[in-house]
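Structures follow.
Two complexes come next, and they have one chain in common, chain A, joined by chain B in the first and chain C in the second.
For the complex of A and B:
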């Protein structure tokens, strides 16, 4: 149960965050999508062990989070959900590679330490970039941006339908779950042997609901595809943002600011 | 099994995105060809939402005290047919990535391939369907579900291992990583297969026509399957051969073996011509770190490392200061009335 309500709560939280009116929220969705993709590509292209090259990229999420007024708690929640597998990879690197990278004062920095920090930092940067995008852009706007980038309409329609009906079907599941747990008070979750009828019932209910939705849509003139009206492309100002950001990202990729600054102290 | 962006290199991510995009494009064409009835469009969406809801429901795993949830790929394919289920799966994975931080945006291609293509276009038509097609009985549904889910999950986790190792982000060797992943996913696969079987048997008893229509509506022609397999083999060759060799010119590959053999992370390259060329290469290459050179071309790795740590900390400090200053101005402006 907590699983269902937590997930729904998370979606609601994001939808609420979308409603804010900040500089980042007001940016064109297609521009935000493009900038996020560029950022991800550049961050991912940094080679293993080069932690110093990754650090300057923290500027983007920090500035983005503050300007978009995203709560730190939400961010941490996302990171906790997304990190386990990466954490495993990072920590295993720590133990598996004990080659000395360089000594520093009395401490020896190993390649494993570098690659552990690298994997974790890279993970944080990439997750935060996506969270900034989704916390500041509504699903409808994102779908329009996808259409602008020529994503096939059937995919966009599917995403729209699936997203719209998660709440409805999850609520159905939640009612069934309540019914089950009330009759089996000591059970922590549904017993594996009852999962067949439980999910089967949910499928049948979902099918029937889909049928009703289809009929309702048909009454309103549905002809197989949802038509998306209104163009939300990228304006001249939008392109300006894209080019400036791309310039900064590439410059940071080519010049290692951390090393340059570090040399000043040595 | 969702892969995050941090586990992928650009080369592997781009290859997998291209492969998945190609396969989805082919699937859309197929769907259009078989004239997907318009009723199926909302049906796919609602079933996508169902898989979401199903993944939120935990069940107890007998004898372990822990709980798990189903993935739902084969379930979806057996209800909607292969191509529509792949499209639905892709939508689910995108929403999971955007709203639940489950899998990365650039890793979406990999995730669609590992969890969507392998399940809907390989395990379903090659394992599930041949068993069911001859005769649909509860026993056959059970065998088909368990086999298809288990094998699909094994192939999927194998693909995860291949992609992660080819990306060069883990120090785990291919075989060690494989020996971690495969047994865990074998157990998960058997449990999920058994649950899928009971769900499908329930549907079989209650509303058999749903399963029948999925078998009927989306015929998988042998030619199309060959094409899909061809694309997969081709992609594997590219990823495994050309691109990963390119990507793993990182320390994980060539430099790493050099480090192990010679006991140093670098080959001696102190000649001025060599250094000049390396500096030039780093400045001009699109992805300069794919060449074997330390960060500044500085011959001393220790000084570069220390400079990196000091500079990195300083950059971090500057980021924090920038954040605090920005927050101060935001708060000050928030108090002012808007004109």
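For the complex of A and C:
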């Protein structure tokens, strides 16, 4: 709970990163969204245990991170937040699947080990792709891109409000937490016995705040969905990027570059 | 012109907030609505734009009755600046926040852009165009919140506690800004000094009813009346009395 302010700060940091002016930041949001989606589909579609087929896909996050000037530290921070869940799944495979896959030098490689590496690598690739997208594109631009791809306006509006609402709850929680901690100087966090009323109050306050925001929106003509006008779709240049990237991704999916390179050097 | 005729408003829990309120606001007038906490000031403002519907009586704005059918038209004519600007600024940057209303009313993007740049220029906030709303200072947020209402060129502007959250210098800037606005202004406030300076007329609400109504300089200098309504003399007048100038 003491990290609420930090969480808010992190949301701000992501939005700050959107403000840079690199090649990737300047790229049209719809192009970035499309390329990221294609990348995710291709990476997810790789068959289990084929670790070597995933390795070439590292080119995308590596190039993305360099061109978007995202610090490695930032990337590692987001990976650390997202990885524990995958790590748990991956490590479980080590114990659940001990079937021998192949020996390497004096070490026996089990299917579980391969599966663990595969799950971890796949997660790292997909997380990095999403972080690159969100670090270089503002939420509004992403929403406009969704509209461009004919995602129903009601879904886009819901995504927008969910994103905004996280901030509202976090702000209210932060205010309440400071109020609590100032009157409970010995407490390092909210005590279990106080958690019930705290969460109850948080929900009530968040609803009140959300209601006030909703009223302000209604006063300015809001009728259930946000009007997303005035943003451009994909230009000819944008389509060129999409086609080139799609070509590379499909080629990597069809041809096992790792084996080709291996044969070349052996 | 705004005509309020025997307006009563009841919350969904049955609590009667306004009782038989009747008054008129003429075009171009600045009217202050004052009263103790819970007197019904914010409720009255919300009724003007149909956020709360009358349980009895009626409100007419430029001849259009405030009801579910007309609410969109009413909200196009009446701009609202809420007490807490954080409630009013919800898009990711100032430009999109100001553009929110016009876009919802189907204005062309060219029109929206022109109006927004006009607002930026008028308020001297060009530098805030790409800023995130949550990173602005209290005063900047207030100015942007006013711009979000003014961009629609409303003929009536409602303010709920416009000077709250402002430091003295920003408060002064805001008062000067409000003086320059020529449209009808209705200001619900506890800041009686500001009401004295800005408003032609003042309405005192007490327990949901109109307790007194009249010229600002008459109402706000009547200590007995103000005390009866749970208020007090504006601070500037109190100080003047202390030094024997009134």
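Basically, the second predicted complex is superposed on the first by the 237 of 266 C-alpha atoms of A that agree within 3 Å, B and C clash if a C-alpha of one lies under 4 Å from a C-alpha of the other, contacts with A are read in each partner's own complex, and residues count from 1 in each chain.
Please note the rule applied: contacts are C-beta pairs under 8 Å (C-beta built on N, C-alpha and C of every residue); 3 or more make two chains touch, one makes a residue touch a chain.
Model, not experiment: these values are computed from the prediction.
**Q** By the touch definition at the top of the document, which applies to A:220: first (chain B), second (chain C), both, or neither?
**A** A:220 contacts chain C only, not chain B.
**Q** I'd like to know which partner A:138 touches here: chain B for first, chain C for second, both or neither.
**A** Touch status of A:138: second partner only.
**Q** Just to be sure I read the superposition right, which of the two partners does A:244 touch: chain B = first, chain C = second, or both, or neither?
**A** It touches nothing on chain B or chain C.
**Q** Between chain B and chain C, whom does A:53 touch in the aligned arrangement: first, second, both, or neither?
**A** A:53 contacts chain B only, not chain C.
**Q** Taking the superposition as given, does A:76 touch the first partner, chain B, the second, chain C, both, or neither?
**A** neither
**Q** Figure out whether A:184 sits in contact with chain B (first) or chain C (second), or with both, or with neither.
**A** After superposing on A, A:184 lies clear of both chain B and chain C.
**Q** Determine, under the contact definition given at the top, whether A:108 touches first (chain B), second (chain C), both, or neither.
**A** It touches nothing on chain B or chain C.
**Q** Taking the superposition as given, does A:175 touch the first partner, chain B, the second, chain C, both, or neither?
**A** neither
**Q** Who does A:209 touch here: chain B (first), chain C (second), both, or neither?
**A** It touches chain B and chain C both.
**Q** Tell me which partner touches more residues of chain A in the superposed arrangement, chain B or chain C.
**A** B
**Q** Could you pull out which residues of chain A sit against chain B in one structure and against chain C in the other?
**A** Of chain A, residues 164, 209, 213, 217, 222-223 contact chain B in one complex and chain C in the other.
**Q** Under the touch definition given earlier, write down the residues of chain B that touch chain A in their complex.
**A** 2, 4-10, 13, 24-25, 28, 31, 38-39, 41-50, 52-54, 56-62, 67, 69-70, 75, 79, 87-88, 90-92, 94-95, 97-102, 104-106, 164, 168-172, 191, 194-195, 197-203, 206-207, 210, 250-252, 259, 265, 283, 287-290, 295-296, 301-312, 314-316, 319-320, 322-323, 326-327, 330
**Q** Would you pull the chain C residues touching chain A in the complex into a rising list?
**A** Residue positions touching the partner: 46, 49, 51, 72, 75-76, 79-80, 82, 84, 87-88, 90-93, 96, 99-101, 103-106, 109, 112-113, 130, 132, 134-135, 148-149, 152.
**Q** Touching chain C in the complex: which residues of chain A?
**A** Residues in contact with chain C: 12, 15, 19, 138-140, 164, 167, 209, 212-213, 215-223, 226-230.
**Q** Would you tell me which residues of chain A are touching chain B in their complex?
**A** 3-4, 7, 10-11, 14, 36-37, 40-41, 43-53, 55-56, 58-59, 62-63, 66-67, 69, 78-79, 81-82, 85-86, 89, 92-93, 96-97, 99, 101-104, 109, 111-112, 115, 118-120, 122-123, 126-127, 130-131, 133-134, 142, 152, 154-155, 157-166, 168-170, 172-173, 177, 187-204, 206-207, 209-211, 213-214, 217, 222-225, 253-254, 256-266
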